[in-house]
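Shared chain: chain A. Partners: chain B in the first complex, chain C in the second.
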Partner chain A sequence: MNLTNTQFVFEGKTKRVLIGGMVLGVLCLVLTALNDDEYHTRFWTNFLHNSVYFTAIAFMAMFFLAAQITAFAGWMTAIKRIWESMGQFMLVGLVLIGIVAIGVWGHLHHLYHWNDPNLNISDPSAPHYDRIIAGKSGFLNPVFFTIASIGFLAIWYFWSYKMRQTSIAQDTMETASRDYYKTERKWAASFLPIGGFLSAVFFWQVLMSVDPHWYSTMFAWYATASAWLGSLALTVMIIIYLKSRGYLDFVTHDHLHDVGKYVFGISVFWTYLWFDQFMLIWYANNGEETIYFKERMNHYPVLFWGNLLMNFVAPFLILMRNDTKRKFGTMFFVALIVFFGHWWDYFYMIKPGARIAAHEAKELAEGGHHNTGLSAPASDALAVKTVLSNVKGEQHESGEQQPAAAESHGEANQPVPNDENMHDAEASEDGAHGASADDHGAAAPADEHGTEEADHGGHGEDAHGAAAHAAEPSGFRLGFTVPGLEELGVMIGFLSLFLFFFFTQLERASLIPLKDPYLEESLHHETGANIEGEGGGHDHH
Partner chain B sequence: MAAESKKVLYGLYNDEEDLKGAIKTANAAHLNIMDVFTPFPVHGLDPILGLKESRLHILGFIYGATGALFGFLAMTWIFTTDWPILFGGKPYWSVPAFIPITFEMTVLFSAWGMTITFYTICGMWPGVKAKTLDNRITDDKFCIAFDVTDAPDSDVKNLQGFFTNTGASEVNVKAL
Partner chain C sequence: MSQPVAPVRHILIEGNKSYHNITEDLCTPTEKAPSREWIIAFSIASALLGLYIFAIIWTVWKGIGSWNLNRTINWGWDITNFVWWIGIGHAGTLISAILLLFRQRWRTGVNRAAEAMTIFAVICAGQFPIFHMGRVWLAFFIFPFPNTRGPLWVNFNSPLLWDVFAISTYFSVSLLFWYTGLVPDLATVRDRASGLRRKMYEIFSFGWTGSAKHWQRHEALSLVLAGISTPLVLSVHTIVSFDFATSVVPGWHTTIFPPYFVAGAIFSGFAMVQTLMVITRKVLKLEQYITINHIESMNKVIVLTGTIVGVAYLTELFISWYSGYIYEQFAFYNRVFGIYWWSYFGMMFCNVVSPQLFWSRKIRRSIWWTFFLSIIVNIGMWFERFVIIATTLARDFLPSSWSYYSPTWVEISIFAGTIGLFFVLYMIFTRVAPVVAIAEIKAILKVAGDQYIGPNASQGHAHKQDEATKKEA
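And now, the complex of A and B:
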């Protein structure tokens, strides 16, 4: 086993390329800021999107490493230093998310509707009182945002710094022993609950509160799994890059195979969470939740379906085979798709919501006349909902004669499945909304949420106006409906920043912890897979 | 079933590293190993034995795809043609609601299909008598076996020498 080339050198040429990437990123950010709406929504969403994605990648690298160390995993010792160095990026993440938090305090952006300075959303006597957001105001406020974003990040960084320092200190020992390992494992094990619980709150604050009317209990896991895959995909690409530069001779096909298994497995896990979130909301059919998906499926189909294609179909079918996980070329290709795919997923989580928030702010600032207690998309949801509750009313009749219902499927008074109703509600705004406002009172007893909303009253006229406007922010807009060239440039910029910091960290210590008690296990790691005609992996002897 | 009797010469090793070394020696001497038995999966054994990748998982994929298709099409037929029922105002052809069952059918078909295929290939069915060389190879011994049914005495002697040289703790002959 070749253990000679263990010191990474961050060459000037690589530095210049990465600095070039960062300059490109800044240029693209400036470009989007120059050609933007009055809230600079495109600029700020790009900034938030990439800051959160790359910070979350750093966090998940650390979290995954902590899980491995806690489980006494030995196989990953050869790539441990890569995860350690990735985790240190949380220090930069503190600055990046800090800028978002400063924006919250200074009202520099309108990413978060709950933070609108002019609306007095939480004041019941104010004209723009928003009951839903007011109910969440103990959670959605600048103080708690600061705690849950920068505060939590600082805690995570402290843990990752401690683990990194312990691991580096281990290199100074004469012979391998478990002394430092035990200390590091204590830090790792305590990081698991801290990272696990706090990350949920972190993602609620920085991502989910972009859509303050909507919530999903699956969201935190779903966002975490997404970052986890981004982190694993980046690990694969970094390993293959470093090997191509002549480093990491001790990282074999078998190590790559195991990282590949994680990419495959976590991709399925991500899909499971994504689908759970979708299906529970689809099945429960609460208008204020369903509207989230309706908006995205109807107006952001490329984002919506592209997400599943890149993050489920591609890794699932390509990595299903044993040998694809062991081939550097295939793995790099899949890692690229998955890395980009989860960047795309975060894009999908942020852009449509922030766009609606900015639109609402503009509309309320201009018109400022409606006091429905509901934002534009929420009243749109109400329209959907009332149509649905009509269907429910009729269903009681048809429920008693189900076989007959099958035969008379095409008849006029037959309840129509809800997909069509959704479209009806959207297409004929005047008709459907007018009718729904009236019918709502009658249908309400069958439906708790309906009653709550009906209590607010007075949404007949105003809901029309809001819904008419709500259709507006749904048209095609580059940088929101699909990522534009500037978005890609910003991603390259942030990726360069990430890699620059990563390589700086990687250079500070040996590429492999030479005094780690599990070093030998990792050097002799074998998955047991038997691939014909495979040259690499064991030919370094 | 009247199986043809087979004379097997086998050696037992105490350690899997000894076993791997012995197999490499046997390969170098062009000895024709009948089979190797270990109490647990030994990593890296397949390549040195020259075993081909199992094709069982290809069948697994086919079974799984069949299950997925069967589950999905069956529900489509049942809920749109055979007995349409309206659930909470949902469309009759409710793809999201079909996905969990489609998934379960995929797992069921591939699991049962692969299990039955595996048992069939290995000739394992209820009541079959196990052909075991030595009970200890399911416990802590690692075994290399040679088929010496038609081998001349010189070859058997040669093989016994091989076992002694590679550190086998025991060498026996058994008719299977």
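And now, the complex of A and C:
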């Protein structure tokens, strides 16, 4: 067992490459900002997307490490320093999310519709009063945003800093003592409830409120699981990279195998959460909930299906076998897919909603929803919206809106719908496709949505949302419908930033905690898998 | 065996046992005449079982009208108890499958009893939907098979039918898994027995000889069953949660239900394991196999899952307000401040607040606290299901239908009776089979026992520290 090469050196060449990556990221951000709509939606969504994704990766690295420490896990001692260093990125995340928070205060962006200065949430008698957002304004406001984003991040960072300091201090202790071990356990165990409770609020505030009318109790856990996989996949890639540079001789196939099991297991868990959230919403067919998936399935099919393909099908099929989890090449490949896949998942959570928010911002700025040039049915749909948002959650006579529906359906060459949701859903889908295809019909999808909500006897907010994002936010647009080259560049930039910070942290201490009580266990870790042609399953040098 | 074990690990087998001691200690309870405590406890459980049989006959004879369900509250104690028992079963599967994957060695002390508990709990759970059908002689209608009943056919879109499949699969796999583990131990009992008893154990141990081939097949089978059990831990309670969450009933239709039900199930399951183990280890004198360290580990699982459930409760509560949907808001307002407010507070206190006491090492390692809190959690998890079911139904969409529900003596008797059924089965089990898995305990003796022989064994540190704490306790 080679425990000599335990000091990582962050070489100049690596630094230059990573700085190059960051420059590319900045360039791409500037490029998107220059080529953007008036609210710089593409720029800001890219910024938010990557800031949240990489910060959440750092958080989950720390959270997972805390869970492992609390559970007396010994196997992971050899890779503990990697997670500790990843967790420190929350400090940078604090700055990044802080910029988003400044944007909220200064109205620099329209990522969050609830923060739109033109939004009417105070005067119920005015025509465009948004009852739903008004009801949420106790939570969706700049003060709470600041607390739940940078406030919570600061708390998490403090814990992660303390855990790291304790762990490093252990290396230098002279007499064998369990003091540091015990202290670290205390920090780790107390981080679990703190991280567990606060992360839910963090994700509601930072991600879910991008679609301010929509809600799902599962959302926070879903976003957490997604970040967890991003974190695990990045861990795999970092381990393999460091090994290729001659470090981490003590990390064997068996360690990689166990991280691989986590990637496999948590991928299935993520899919489980995905399925529960989707299936329950689909089954109940409640307008204000289905709109989230309807929007994504109809207008963002590549995002929707790509998400499942990369985050479920690929890791599930590839990692099912024992031997694939022990091969560096295969594991790197899967980790790359999963890492990108969950970046994609965050893209999918943010972009469609933010795009609608920007569109709504424009409409509000132009004096409400009375856009000129829309056909009559469209304004009918808007009337529906107004009626709906003024009547609090009561059952509607959907019949009175039927003529509007009929007209618009006629326009889209669809049969007149009846009260069955199924029909409406189909009609609406076709209508939307028609609109994006011949690029004329702002009205058609608007009506479809509007009447559909009326059929549901729903509660206005979706009708509002649907009517508002009728025209523009449904068509193909690079950087929203699918990630464009700039998005990839921005991701590389943020990844470089992450790695740069990570390597500076990694350099500050030994790559392995030499005085850790579990050290021997980890160095002799065996999964028990007997794979032929692997030289006994160990990577001894 | 050559792998080192960290000196900070807890010792899992105490008392300087030899392999022979282990066989003696674990087989003896099946060979001796029952103790007085056992007879008294068994009599009480049998009396409750008698009450159960009486109440069931009453229900079948008189009809479901003898329960206090009405058109508004059409699910009451029956489904509450069903979900409660199903949840309790989860600890066994978690211990035998998930903790196996996580290489938790302490599972060997409790897995046998927990798996037995799973099976008995599922048996108890199954009673409720079966007898809620009313005409129980038509219960086979729930199975989709070609028949001459014309249009009467199961509804594959219904989560209630998914339950039929989920629970019967769960029961079969759990039973197989448990029995597979039992075979070598039954053979050990057989080898010590004589006469008719020997013949019986010979049949039940399937002629096990302990040959290398037998062990090889045994291990292959165990691995396959563990693989099948792992998704079952999630799937069963997920589908039970679908019974509620697929509906459009405010308070039921919430996407967090599946994982939160699973966490709650593990929570209640571990509480029941604690209740049983604290008694069993005392009565059968197994303190050296089910040590205070086992109890502490299980208490940690309880505080973890209790807190996860707490996150879910608060998430639901928050999102109901956040949704801006008045029916959802009302459903939760009604839960907290409505006519059944006491059950909501009981649930919150028992499930979220009380387990937090386990943050204290002293309380975690106290037998009395553990027993007391495990009962509290059992009660709390019953409240949870009652809150979800009765509270929600009592205030439905139509105020003119609003109603209040309290059980009749028949419903109470059936519930108390299933507890009798459960304990009768469990106590018979402790008489006929080793409560702790002999073969598995022997496998970890030199790794996690007080006779650890791996590298650094001379340091022996953990164990000294533990001895000290044990004396304290």
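Here, the second predicted complex is superposed on the first by the 426 of 541 C-alpha atoms of A that agree within 3 Å, B and C clash if a C-alpha of one lies under 4 Å from a C-alpha of the other, contacts with A are read in each partner's own complex, and residues count from 1 in each chain.
Criterion: a residue touches a chain if its C-beta (ideal position, glycine included) is under 8 Å from a C-beta of that chain, and two chains touch if they have at least 3 such contacts.
Bear in mind the structure is a predicted one, so any value in this text is a computation, not a measurement.
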Task: Check the residue A:Lys136 against both partner chains and state whether it touches chain B (first), chain C (second), both, or neither.
output: second
- request: State whether A:Pro193 touches chain B only (first), chain C only (second), both chains, or neither.
  value: second
Message: Touch test for A:Tyr283: chain B only (first), chain C only (second), both, or neither?
response: both
- line: Max touched-residue count on chain A (chain B vs chain C) belongs to chain C
- request: Based on the superposed arrangement, let me know which partner A:Met320 touches: chain B (first), chain C (second), both, or neither?
  value: first
Message: With both complexes superposed on chain A, which partner does A:Glu526 reach: first (chain B), second (chain C), both or neither?
response: both
Query: Is A:Gln88 touching the first partner chain B, the second partner chain C, both, or neither of them?
result: neither
- prompt: What part of chain A is shared between its chain B contacts and its chain C contacts?
  reply: 283, 285, 392, 526
Task: Mind listing the chain B positions that touch chain A in their complex?
output: 41, 43-47, 51-53, 57, 61, 83-86, 88-92, 96-97, 99-100
- line: chain B partner, complex, touching residues on chain A are 275, 278-279, 282-283, 285, 320, 322, 388, 391-392, 395, 398-399, 402-403, 405-406, 409, 415, 417-421, 526-528, 530-532
Query: What does chain C use to touch chain A in their complex?
result: 3-9, 101-102, 234, 238, 242, 245-248, 253-259, 300, 304, 307-308, 311-312, 314-316, 318-319, 322-327, 359, 455-456
Message: Help me check something: in the complex, which residues belonging to chain A touch chain C?
response: 70-72, 74, 131-132, 135-136, 139, 178, 181, 189, 192-193, 196-197, 200, 204, 213, 215-221, 261, 272-273, 276-277, 280-281, 283-286, 288, 392-393, 459, 461, 517-518, 520-521, 524-526
